[in-house]
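Presented sequentially are two complexes of chain A, the first with chain B as partner and the second with chain C.
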Partner chain A sequence: MGHLSGEHLYEIFARQKREDRLEHVGTISAPNAALARAYAWQTYDEQKWFEMVVAPRESFEAVNRDEEPFTLGPVEAR
Partner chain B sequence: MSAAEAKGFRTAGDVPAELREDLSAVLLSLADNKRLLGMRYAEWLLGAPTLEAGIACSAMAQDEWGHSRIFYAMLKDFELDPGHLEHEREAGEYLNIELLDEPPPEWTGLVALNFLLDSALAVQFESLRDSRFEPLHYKVRKVLEEERFHYEHGRGWLARISETEAGRAALAAAFAPAWNSCLRWFGAPDGELIGRLADAGVCDADSNELRARWLARVGPVVHDAGLDLAARGADGTWRSNSGPDWSDWDGARRRSRGGGPNPGTLAAVRGDKNRTMLMD
Partner chain C sequence: MAQFTDEQLQRKIQEGFIVESEADMTETYKKALIGQLTVQGDTELISAPAYYMAARDAPSTNTMVSATAIIQDEMGHANIAYRLLQDLGVDTDYLLYDRPPEKFKNPFGFDQPLANWAELVTANALYDRAGITLLSDVHRNTSYGPLKRALVKVGMEENFHLRHGEVWMRRLCEAGGEGRDLVQRAVDWMFPMGVEWFGLPDDRKRHNAQLDFKLKGMTNDELRTTWMKAVVPLCEQLGIRVPAHSNEETGEVELEYELPIAWDPDDRVWLLDETITWDDVWERWRARGPMNEEFVDSVRRSRFQVESLLAA
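Right after this comes the complex of A and B.
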């Protein structure tokens, strides 16, 4: 997906109940944290979330793989 | 009189007659402004600068229309007919701020509505959160929960556009008229609607205090965006660098004298094309 210059990818994590774990629910493109928060909340609004957080993709450190975190590879033949 | 020591009003019938008209005028003003603001958001569903912004506009439009519905419905308790209010009034009967009469020509104009006007409406709602008119309590809380993200959206776009010189110039042009209108919308300092409601404990602040709260919220953000609209005083409070200009102020409608939503806006908000389907 193409986006305007100055945009960053933000990863969105959320949970529906306090006892749930935060789960990765999606990714949005935004130029700053304020818009990332607004877009995340307004885009992923099918559920009633107990908590939602966003983080810029570049803030994630790869642990076991050399490629960038969140990279989608080609679908492997099953 | 503080809201705590005054006896609460459970229904419109509990509200003294002289206050009832003021209270219904404030509710109708909020409903009309939300209805029209929702339409302005909806106009950017397609054609917003990014897909995400279009989705956000769709969400905000739905929020605003939901809120306006709630407040039109509340007016039934004041012996007003919500069906008439929503579908049958003429432009001159709307209590909307003049900023909403016409669609903003550019995205920066929508950002001005989003950041300045939506925040002004939120400040007014906050002043009603613990109103002596009790039916407002739950409804106002629900509205404010959703409004939080409208503020973030406006703040985020303001920061984004103000990154460049050209962006700041476009923002300055769009924000100047919106700034004056919003500043004025809270009402003249003496003897108007909001002051009477504050005295009666229906809202928790008079016009000047509401204006100060709005300035405290939007002032630092527009200042950081490089717009010459507000500055922090020596005492730490935020002040407007200008106005408001009261020259054509209509205190009863809380807008400039005369006028109202333009014909296209009016036909759309009233649902004129659906008249044959209205059941009652």
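Right after this comes the complex of A and C.
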């Protein structure tokens, strides 16, 4: 429920400079990875990112907690 | 859920606790947060067709490009608010595509047509200023971690819209003649819309769950005053008349009419001398403005027309 049928939730990570750490900047719903890349790049364009990647939320592997991953949201911009 | 009672959660929040997931919430908290995010998402979303209507009057290709960049930002901000709603289990497909248009929670100001470039830039200066006033208070104070983080991006972009609006108002006013007249006429109807944007006055506000749970920090009256302290001096500087003035002795901004006032929908003017009740205002808001259906439909069209095009 919550997003369009056949869509998946993608988490978006980016870094501004090559030496920065990759940080969580937001989330997007998309039917596939190609559109997730396009939506992410168009939506989170507030910085000139050196690198941006997307990953489906369902691919996350919990390491130290049993329950669902904590609700994610973009980190504070540095 | 229901790990805490409302009173326990309020106390924890006052002590600095940040809510990160549904497991931390009470029903009251969740309901107040969903209400806040729906207003935020709907307002951002409906600003897009409203701005698009006026952007078609852009005086050049360059100005059209900056207007569409703003529209794209607003769609992105709506997406962020609706994404947060999805995490709370809200059916955003319903909200976007099946909800009756009159149930959208955007302010009355965005149920109105924006007719020309002067109205677009005045909306950027007055309405985006209202957006920044509300959202920067949420950003500073909200107890909901995911929203606090998401608003960093939104704040950066809203400041660009505000600059766009103020620079263009100045440009049109300095040009004089028709440009200045158009700005004056835009401000005449949009300034009181902005005053009304912040809702019921504090002594009439029915619930304060958003304040109790620190979903925001300032009251409606405090937010309205913050907005006026930015907008009124701007208009005074530009030589644009507004029914308010800065009081140099007190440093306050004083409204020159008694809230709330009547709106004449046919002539699209405010009747500054005709004080009405807040119940009358509620009724006007509930009845919606002239563009409500069309703006909602315009957002929906863009999805379903594309879908049928691809299916053909």
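Keep this in mind: the second predicted complex is superposed on the first by the 69 of 78 C-alpha atoms of A that agree within 3 Å, B and C clash if a C-alpha of one lies under 4 Å from a C-alpha of the other, contacts with A are read in each partner's own complex, and residues count from 1 in each chain.
Quick note on the criterion: contacts are C-beta pairs under 8 Å (C-beta built on N, C-alpha and C of every residue); 3 or more make two chains touch, one makes a residue touch a chain.
Everything quoted here is computed from the prediction, not taken from an experiment.
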A:51 in the overlay: touching chain B, chain C, both, or neither? Say first, second, both or neither. neither
Contacts for A:6 in the overlay, against chain B (first) and chain C (second): which applies, first, second, both or neither? first
Can A:26 be said to touch chain B (first), chain C (second), both, or neither? second
Report for A:35: first if it touches chain B alone, second if chain C alone, otherwise both or neither. first
Taking the superposition on A as described, I'd like to know which of chain B and chain C A:43 touches: first, second, both or neither. both
The shared contact residues of chain A with chain B and chain C are 1, 3-4, 28-29, 42-43, 45
Chain B to chain A touching residues, read off their complex: 49-53, 55-56, 59-60, 149-150, 152-153, 155-157, 159-160, 163
Which part of chain A faces chain B closely enough to touch in the complex? 1, 3-4, 6-7, 28-39, 41-43, 45
Residue ranges of chain A in contact with chain C within the complex: 1-5, 9, 25-29, 42-46, 67-68, 70-77
Taking the complex as given, what residues does chain C use to touch chain A? 20-23, 72, 76, 79-80, 83-87, 89-93, 145-150, 152-153, 156-157
